[in-house]
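Structures are listed in the sections that come next.
Below, subunit A partners subunit B and then partners subunit C, in two separate complexes.
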Partner chain A sequence: MEKFKSFLRHLRMFLFKYRYFFMKLGIALLTLGAVVILSFILIVNMPGTVIDAFAMQLSVERRISLDQAYILATQMLNYDPDAPILERFSVYLGQLLQGNLGVSIKNSAKSVNLILRELLPRTLFVSSIALTISFLLGTTVGSRTIWRRKSFGARALDGYIVVSNAVPDYIVALILITVFAFNLGWFPNQGAYNALLDPGFNIIFILSLLYFAFLPISAHVFSQMSFWSMQMQGSALGVLGEDYINAARARGLPEKIIIRKYLKRNAMLPLVTQLAISFGVMFGGAPLMESIFNYPGIGQAFSQAIAERDYYVVQGILLFVSVIVIGVNLVADTIYSLIDPRIRRSA
Partner chain B sequence: MIMSPAKTLSRFRDESTRFLHAVARIFFGNARSALGTSVLLFFILLGIFGPLLFPYSSEIDVTSQLLRPSIEHPFGTDLWGRDVFRQIVVGTSDVLSIAFLSALFSVAIAMILGMLAGMVGGIFDKTILFITNVFLTIPSLPVFLILAALFTVDNPVTFASILSVFSWAGMCRAIRAQIISLKERDFIQICRVMKMSNVHIIFKELLPNVGSYILINFIIVMKNAITGSVGLMLLGVASFEPTNWGAILTTAKNSGALINPNSYMWLFAPILSIAVFQLGVILLSKGLDDTFNPRLRVM
Partner chain C sequence: MIRRSILKKLLLLTAVLSVSFGFYSCDEIIGGKTVDTFYMLANWETVGMKNHINGGSQAGLLNIFSVEPLIQYVRSTDEIYYMLAESVDHNDDGTTIIHLRPEARWHNGDDYVAQDVVAYYYINQLEATNYMSAIEAIDDKTVKITWKASIEPNDNVKNLILAVDPVGSVKYDVFKTWVDAIIEIMDEAPAMPEGYTGWAPFGKIVNDVQETAAYANYAEFTNYNPDWFIATGPYKLYSVNETDMILIANEDHWAYEYLKFKYVHSYNHITDPTQIYGMLMSGQLDYAGGTPILDTLEQILLANENLVHFKTNDPGACGLLFNLAKTVSVDGVRRPLFNDKIREGFEYIFNRDDIAFIANPYSKVTYRSMMAMAPSDAEKYMSEEAWDSLTVYSHDASRAAELLIEGGWSKVDGWWHGEDGEKLSFTLHFDGSNDHQARAAQATAAQMNEFGIETKLKSSSSWNDWFGSAQSYVWSSELSLTWTDLNMSFSYPTGSFVYAFRDVSFKVIHLPKFPAFGEAGYEEVPEKYWGDLSVELPTFDRTGTFLLIDKMQGLYSLDDAEMQETVDDIITGVASQNWGVPFYQNSCGMFYNTKAFTDLPRKDLWEADRNIEYIPSGNEDDLTDFYAFGRLNIHFSYAATLIDWERFFENQ
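After this line comes the complex of A and B, so read on.
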């Protein structure tokens, strides 16, 4: 009994100490629930003819009667339009919990899981590299220019920030592909790697991957870097007034050291949560970017599925991308609360 | 005391000139907002009077396909021999109305929900905060795409409502935060002690204080609406007006303008219009920010 009580006390302390994390976890789960409901609404709202068309396609493919094909279709999709709505929702939820995101209604051999497994790594590849480069470049440039507001570099950066805000990322993409792929021919205008190479973990293949991803990454970096330098400037502005910066100056430390060790590190802390937002923006923008570059990633699959009205692929990809973005947000919040304990107390 | 009509009139004149002066100071007070306002005014005038000055006919003329820019065709012609410059001029009003309506809708939603959440507090506030968090987390472009595919987009109002589904959340959260901090200030507390009505507090005390923030965000949402609408058109889900800049861009892209050097101007004209408009809008929002938040001017 004594042991049980002490266990309860420890549990309560544990919950209290990490209440920030548990709160964020709760919000993440609720958001996930909202996304699931949204995807379900998408399925419910699809026109009834979609299933008929799918059944027709199955009956031709497998040489079975239309009635049999209809039953097969409802089984494959796990969706019976005649069942009551709650039953449909529970079946849908059950499928999701088993990790089954549905089948393409345009091509019964292609499941959403298969599409994701094939195409997700490419989108992740491009967006993670772009995120890293733009974060590193943007924070460096931002913290350097905040020191001397009137210098040429700071003015050039201001100009660049305004321009990159004015030109949407997909227009940057259009200009890049027109100039460097179609006109100059320096970079490929479609695909993710040289089709003549065998996919594998060797240096030539990785170089080919990087070569094909160069333009998409550049377009992302061009539009994301201004975001990071702006965020960094805002954050560094707050740090600049702190006593320890003045103390460091008074001690006669060189400017470079102050910027690198005092200003940048402190100003970077709050930006960690922004990483998740930036990642979400990039992932959300993938349908447009990838279809402009003809880059066969998850975004292109998504926009293609929209164009073909392939409802199951659409809801599957939306669900999966949302799960990733929600997860990344949660991780960023957790990391932030770990490296900056003040945030835990303010929750 | 009854004022004579002449006195009333002169007082009204004084008031209105003072108001006009204030407006002029806000919009033309510094170089950035002056430039931004001029660009915005230029496009508004172009949208209203442009089609009268440069009438556009969508008739196909095979003899003047893909002409390079000239005096007669400042931006050249498209694949069907139609003047690109006139298409841009005619499309201006469509672009502007989508942007304006979308900003109007999202600001309205954000203002109502944000102020209510800030004022009422409690469980209502928590619910609104949760909903805004959901909207901020779900990637917006995919949902735009889905909405645009579910509802047939064939007029500016539907298009604007789809675009504003996602653009209110961030603003709503910021307005709520401002209201909550304003609520504790002395002047609101005094109003409460003086038993002034909530209507007075909201419209006479709180709104003027968040007004500049709302104005700046109105402009930023306009910019985002154009980015979003052109993006959706490029993906081919919402092209209903063939002269909308996004639609021109999409047609040019899909007709091989990326490859053919003769049609670069066809591709570049809508890009240029979008960029100039966005630039003006950004300058205006930054200029307004300078005017309303003088703290930043010290920097």
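After this line comes the complex of A and C, so read on.
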């Protein structure tokens, strides 16, 4: 009995100690539940139902009556839209719990899991390199321009940041592809690697991957860098007036050291959450950018699925990205609370 | 300090330039064009492409150059080439003997045999099987088809029917489980009653249980994914990834020595016109379909001196279709929104020349009403007397206004009002994925607004989406801009009527139908009409009327004289109804690279002007150009485009 009471006491203490984490975990799970329900409702409420759309296609392609096509569609999709909604939801949930995110309406060999397995590495390859470069460049430029904000160079960079932040990323992509792919012919306008190469871990293939990814990465970097610069400028402005900056100056520390160790490090703290969200969103790819460069990633698959009304693929990718964003936010919140104990205590 | 930083930057710049030079000089890394390869665009599944075309996945070039029919027909010209079939004999006893090429093989090296033909028709059961009462393998290389006596097509149509299906896509050994299952189901199904003209593949009518079993079997068949791409055609898969597909000439193929290229390379899912034009201008493509607006077309040709632009006849006309299901309430009584006078009035509203020029400057303007057949085909298949009898309308706003007023509409403050006195406001719905129709829709709406009929545009992202909405009684708009007359398959006159009255147009127009089984009043209608169109039209000689559905049945069985009489009756009858206002007969455009494709026809024309404006219509005395141009459209003639037929026939 004593042991049990002691266990309960320790459990209570454990829960109290980590209440912030458990609260965040609870919110994340609730959000996840809402996302699952919403993604199911999305399909249920599609105008005309998925079966209707598929039956229409079969009817036209196979020249059979709509009634015949409807039966065939139901058979091929193994989905009965007339079944009670709870029954359909339980089937959907059962599939999700088995790790099956959905299968294309039109092609049974095309599952969301397969799309993620094949295309996610490509999206992450481009997006992670672009995010890393743009974050490092952007925060460096942001902190330096705010430090020397009256110099000519800083003002010029400010101008660039403001303008490039206002230019949509697809415009940058179109300019790059027109100039460097079509006009100069320096880089390919489409693809992920030379189609004649066998994919493998060898230097030629890796260089080919980098070569084909150069323009998409550049477009991402050009458009994202200004965002990080602005974020950094906003954050660094608040840090500039802090006593420890003045103290560092008074101690005669070199400017580089002050910027790197005092200004940048402290100003970067609020950017962690933003970086985590960007990391999560990265998993969804960039539909427009990938379509412009015809780069085979999640974003392109997502936009194709929307164009083809392949609702199950749309639903599966949306759900996957939502889960990643929720998960990454949870991790970011946890890390943030570890870095700054005030947040944890305020909970 | 400063010098060291400059030195660092110089070193970095040198490294970047060295790597860039390394990239640029290494073909293996950067890829690029190779000789003896034909470059074009196609769409296939980025992931999950199945290894057979009946599986429901997009197969890109494989669908075009790898899968063969028995006979290849060229859509728009009806020219035919024997592919898997070496010869076809149509006998007087209602049978056809197909002799397969002795050297026809699957891509895995196995012989292509008669049982494979039987397997294809049994498992897919498409249109052709409705005309067959039996199909059997006589020996490995001979197939016998017995046609249904009640609807036996004439010999010309038999060839075309056999040319529609990609028969070299079902290998019996591979799909044996499902082929045997469907053969068993069909064997057990009862034979159709004598004289029955409805849907009955191989003369059998399956019951509900057999139908459900057949569909489940078909679903399993489509879901199966073999480990190699099932095909027999002249090109086979060499390499494929998400964005590039490369085919290589098939050394086992009967036409291997006559193939124009060793490789065909295509890029996947590039649908943005800007990107396609960029690729054409930079020389990355040897072929691309489409006719851009005039300025862009000239800009592309200017940027790449190796390109020429051909145009071919498209057996389809575009314009307005009325939705006859729309009504208006006048004194509590529902009356049709578009009555006869109103529809006739619409024929005079438009400046069709302007719409045609905006949509496709190389289209052919038409001022006749909807005929259910493209004008060039109608002129070919109708008697001269009937063709000349068709009303030729004009752009005449005052005549249009007179007719609209006669129809019960009125114009108040510059805007037309309906019979109920309310201001008219229409939605013009079109398929936004079709460039020329999208442009035509904008021009049409502008002219309607200018005329005083308020018109808004509604675009769908695909033809399927447009059709799904346009045929609905709930979601459809008052007007559609689409194909008013179109032949989707072979150009034999029946194809157009099938599109209009069995597949598409009648659903969009919402033409009246007889009650289907179980619906109110069905017992008063003969069984053969249940659920069919109940449209009655005047005969060409205006001495009587006929039921459209009566003329539609048995079209393939008519001889030439009967066919002309039927075509005259249907077209003049349809045109008298003003169900639609066609604006132009479309033309299909194609860019070709003269350096890659060295035997393009009419060099005299494209040496003078690379934007070739000459479009053979098929009504010329010499049809050489008509056939040669038609063959250039890869999506109309498939692998036949890449075979040097002249040399092939010389050596036979």
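Just so it is clear, the second predicted complex is superposed on the first by the 308 of 347 C-alpha atoms of A that agree within 3 Å, B and C clash if a C-alpha of one lies under 4 Å from a C-alpha of the other, contacts with A are read in each partner's own complex, and residues count from 1 in each chain.
FYI, a contact is a pair of C-beta atoms (placed from the backbone, for glycine too) under 8 Å apart; a residue touches a chain by one contact, two chains touch by 3 or more.
All values derive from a computational prediction rather than experimental measurement.
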Partner chain in contact with A:30 - subunit B first, subunit C second, else both or neither: first
Which superposed partner A:100 touches (first subunit B, second subunit C, both, neither): neither
Subunit B versus subunit C, judged by how many residues of subunit A each one touches: C
Touching partner for A:325 - first (subunit B), second (subunit C), both, neither: first
Which of subunit B and subunit C A:301 touches, first, second, both or neither: second
Which of subunit B and subunit C A:165 touches, first, second, both or neither: first
Which superposed partner A:274 touches (first subunit B, second subunit C, both, neither): neither
Partner chain in contact with A:334 - subunit B first, subunit C second, else both or neither: neither
Subunit B versus subunit C as contact partner of A:309, first or second or both or neither: both
First (subunit B), second (subunit C), both or neither touched by A:113: neither
Common interface positions of subunit A, toward subunit B and toward subunit C: 174, 177-178, 182-183, 291-292, 307, 309
Partner subunit B, residues of subunit A touching it in the complex: 27, 30-31, 34-35, 38, 42, 45, 149, 162-163, 165-168, 170-171, 174-175, 177-178, 182-183, 237, 280-281, 283-285, 287-288, 291-292, 302-303, 306-307, 309, 314, 317-318, 321-322, 325-326, 329
Residue ranges of subunit B touching subunit A (in the complex, touch as defined): 130, 133-134, 137-143, 145-146, 149-150, 227, 230-231, 234-237, 249, 253, 258-259, 261, 264, 267, 271, 274-275, 278-279, 282-283, 286, 299
Of all residues in subunit A, those that touch subunit C in their complex: 47-48, 52-53, 56-57, 60, 62-65, 68, 71-72, 75-76, 104, 106-111, 114-115, 118-119, 122, 174, 177-178, 181-183, 185-186, 188-197, 199, 204, 207-208, 211, 291-292, 294-296, 300-301, 304, 307-309
Contact set on subunit C toward subunit A in their complex: 22-24, 26, 28-31, 45-50, 55-58, 126-127, 199, 211-212, 215-216, 218-219, 222-223, 225, 239-246, 265, 267-270, 272, 274-275, 278-279, 281-282, 284, 461-462, 464-465, 467-468, 475, 503
